[in-house]
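Naming follows writing order (A, B, C, D, E and F), and every chain is counted from residue 1.
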């Protein structure tokens, strides 16, 4: 009977908080969007599922051993933890919400050795790290997973269209205004008193405008890990919404005549150029922006494996088994950051709003940049390909193509838009490097 | 010459103990059974090979750096280790078996920080963790490998037959009596004075009756890691023996007429039902049994990836490259627990006997449950499909089919038996959750 | 403006040292050799690329958090590190090159706990481990990557030709003279005063003569990790040069008549022999050389998975997704050891020269051993297959075949040379075990 | 009764009880779910938007190589079997 | 202007400035690279030595099974459609 | 002779000695093993029970698509070449 009571008092139904219920609903919503609406399912299914797992009451899957020990609040263990974390608590004392809060804060702000000692004590007392916590540590806290995915993306990327028309790189540069404009937006929200952001948080939110999943996760894991869940969800959701977000802006900023501009067919790009290009990018990273070295280094490495033609088996694996494996664990790990106390916050609303603004600003700036370039060059660019500069490969390029076909049914812009599209990936990785350099 | 003596005194032939020789023979036997008799080769080949590697004298592949240092027993190192482990030993003192035993015991019962300090000292003194010890730490001690395999199993499981006839879930419930009956059996053995079991050990042994490899390994790694080797070997061996163990019990408990019962063809199950089902299971876990969240969560996640139809590449990888890789390291890691001093013990015989009993009890209860259900429902169930409730997917379902064909050559029970078969997987994961909740 | 200065003073162009520029050029050279000349591209592309990444100024990708903190030399952090590393330094003091050197030396020679404390402090101060440092720790420092690759190589190896003619094992033994002869060579260089080697370094350099990549990396990671970069680069480069290095030696040591010797066709080898062979090798390791257990154990395990016929899916994965993944990270990790201060050293020239000598000596001894064997047996061996005993599978066997065809256009030696070729793999793993036993 | 036996019996009662409760609830939940899906879901599941990164479906019909092979085979056959 | 706003503006100026500088340099570097490659590189890239461990290329022509199938099909067809 | 040279020579003697001893034993063990296997093992290895999780063998014969393709090809061919 006593055992039945243990089972009941330890059940989810008995312990479910409102916040957890809401977050489980959010997880289910993400799964629905991914499965029925096709919203970036490769990431949103693991993220959504991980989010549900992270909010199972009492399971503590997203918590470290010490956090689980604090949650369980056995007086003896708390007293011992108090010694380590410098929280004044004695075994007899009542465990008030204030006390719990004090422990949580002390743990959150503890140094590496203090955290290690607290976890060692918790393990000795019979607690264990949650599964998702372990996944997060290995996949994201180490920085490895986004970088490995970026390597795989590099191995999937064809720079041919960009090499045929290198000046489309500038479109990829202009679209990064979405990132930095969003930081201004966050500062405005902060100044207006609506919600608080630090410069680190603002920068992490801004990277949503890069429209690049692994870059967003990498940057926010360095600058503002507590916002990682909301940022990743916003980034992938908006990438999925690109076909809805972009067309009105593209039409609003261009005339029908501009949209109908036909571009010359792209020249043939030789194998050697494709082999040398990732090395050129790498050399510029070496010379100008060492802080972009992890992201762009792995990206160029993947691309070199693809193009060099002598390591197909490595290229294949990084495009398939390896990226798939890492995607599963990256997604579950991101989901582990969707716990109620971190996600159900006014800031999350701000992040969602700013992320949307970032996409819009990036799209607009890409289009305007194309129009600006047309003032200076004879060979006209269809400004619709400017919007592809936000990256969101290859969705944004397809959107350019589709809007172009609406204006001129014989005008295929897809290959032209692939140039700014992949340029946007490089552009946001460079922006990420700048932000890590200046703030990290 | 001196070097030749070093080689000779460090050779296996010079150091081989009887126990190690016996365990190497056990490893060879497992390889033989796997290769020639087809006993679950995917697991028993890595386990058997790992068992041989773990018993190579002086190689210390299954030992940590500190354990290797203790084994080598250099006086200076022992003295320093004694300081850390609180073993009274001075550099001059003779290294008697008692002293060695004292060091081993102190290390085994040391806390996390003490163990870390001992290993740091051992590494500074030139010792290293054995290869299998590292594999075990990463694959099993972290809990990751069984969970990842369970995810892959989920991605390989078709719940269609179960959804067509949900009441076969009850057969999967009944078969779990094998687990809990075995715990009673262990208590009886303990009461009889034949051998000693704690409740944790009894529960870990009982899980063999779940007839599910990853569940057995996961539970025993939490409740009784020192028995993991024997439990995993017993679980996989008996799963391979299902075609021999089950038929006599099935025939003994049923009449010829019952065995010939024809069941209606299963209804068509829609894609949507299959997509929603893993989410339903997950929600019940959320509400009622958070402690089953790691196992059933990963299982449902794998199944959702399979059924949702939008992440084939993730599903493929979790069914192939990922599960294969993890299986290799899981097997070798389990093998690392087949060291002579842990395996060659009276308890192992008890585990083998109880494991066999667990399978028999589970089989019988599944069959009897089906007969019981027939008393209450009009639509008759062929009791032979009850035995499939032990899981051992898909072996047990095939056995049901085969025994059914013996009774009625036109009666194909395979699809009907797949329902209880996969229900048994859920059932033993639930049972595992209950045991971890109440004992872990 | 201040931010622009930060960007400029943190840029590669501002900080690039001569050494780094040279090492980046070396990395580019390796990429060129791999892509255009086909020099072992599977390894040399990741190694070359990793070498470039490791030498990006200020990026610190190959450094631990503490090493990055020392490099950045913030006075407060240095002072705190000084406390931990026992370097006398106070926050006000000037950071002279001598001070930096003192910190680096103290870190390099620190014990496990001191290193851990220094890294914890560095992380608390905002520094992080470089990406390549993390890869190196997981892949090589743990010993895992070379062993997993060796398992995959085992799963790709067909011992049929060796089993058909077991006495070719002796050719694989003779070729190991390259390893030990090189150690003598290193001792001579040391005695001549040209450069200094310790016995550990000499042994690590000697293993290049084993002509086996994973073995070289495994041994040097244990005996002389600071030379690992140069040793791995030498090993793979010379393996790629086998078709140029070997033929002159082979022709010089044999008469035209000897080169034209026709060998009997190899007998059929049964499946069972192939299954039992890896177990026989393993048993000899158990009995005679426990220190070769990690390398030969994993090799035999891979081969058993290949031959046993019941675990194709594990064998497939270890030959494809798993070995490819590990190769990528092994290569990048080796590249992390190509930093200027470790590679641009007189010793590296010595290593390159000795490595070349090792290949030549190994080739010569293999050929001479074949001639010696012909004095004692009636069934003549074509001495050209002796050179294949250095391993470098399957390149060296192809060289034997080609040189043989030059002498007698109807004499196909390929299958005959595969015997000593794979024997060479076993031989150098045995040699590695002996060196680890006597020196490790 | 020994202490271990007491614990074992308690564990069995709680465990089997819980397993049955859980799976009985699952029977009802599944049955309900199937009914809800049957009523509210579209009769044929809408094929979800295929993600760009997933593999393309198997090409539906005869591949060019096979067609070519057949043509060649038939040509040869005619040539050989010509009257 | 709030402190955060100052920092944000500074970050934007530095960031967008740097992104443009970097990508403009990349435009020139890429254009230069393409010209250099076009001038100095062999017109058709020398196929690099295939590594022994890489997968063999797809066999070029009709596989024996298909050929056999065709033969059988034709035999059957002739048999059935014989006058 | 320098200390390093002494150590190197010792290492070479011990190492090469051991390598030869090990591989000579392996020659004998392998030869013996082959003989034992030839004598005691069944002449054709019993195909081990295929594990349920391993991939199914390649389907032995013509797949339906190919067959269909052939039928169509032949039909077309007849149609075109009809007198």
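Observations on the structure shown:
Keep this in mind: a residue touches a chain if its C-beta (ideal position, glycine included) is under 8 Å from a C-beta of that chain, and two chains touch if they have at least 3 such contacts.
Because the structure is predicted, anything quoted here is derived from the model rather than measured.
More contacting C-beta pairs link the chains of A-E than the other of the two pairs C-E and A-E. Each chain's centre was taken as the mean of its CA atoms, and the one lying most distant from subunit C is D. Greatest centre-to-centre distance from subunit F is found for A, with centres as Cα means. Summary of the copy comparison: rotating subunit A onto subunit B for the best CA superposition needs 120 degrees, to the nearest 5.
Between subunit B and subunit C, two chains of identical sequence, the interface residue sets overlap only in part, with shared numbers making up under half of the total.
Centre-to-centre separation of subunit B and subunit F, using mean CA positions: 31 Å. Taking each chain's centre as the mean of its C-alpha atoms, subunit C lies 26 Å from subunit F. Contact with two or more other chains is made by residues 11, 14, 18, 48-51, 53-54, 66, 70, 74 of subunit F. Contact of a single residue of subunit C with at least two other chains is seen at positions 3, 7, 35, 38, 41-42, 288-289, 308-311, 313, 320-321, 434, 438. Those residues of subunit F whose C-beta lies close enough to touch subunit B in the complex are 10-11, 13-14, 17-18, 46, 48-54. Across the complex, subunit F meets subunit C through its residues 2, 4-5, 7-9, 11-12, 14-16, 18-27, 29-31, 33-34, 37-38, 41, 45, 47-51, 53-55. On the side of subunit B, the complex with subunit C involves touching residues 3, 6-7, 10-13, 15-16, 24, 28, 31, 34-35, 38, 41-42, 45-46, 49, 52-53, 56-59, 61, 117, 119-121, 123-124, 126, 128, 131, 134, 320-321, 324-325, 327-328, 332. Of all residues in subunit B, only 111-113, 116, 142-144, 147, 151, 275, 279, 282, 285-291, 293-294, 297-298, 301, 304-305, 308-311, 313-314, 316-318, 320-322, 434, 437-438, 440 touch subunit A in the complex they form. Those residues of subunit C whose C-beta lies close enough to touch subunit F in the complex are 162-163, 166-167, 169-170, 172-173, 176-177, 179-181, 183-184, 186-188, 190-191, 197-199, 202-203, 269-273, 276-277, 280-281, 283-284, 288-289, 308-313, 423, 426-427, 430-431, 434-435, 438-439.
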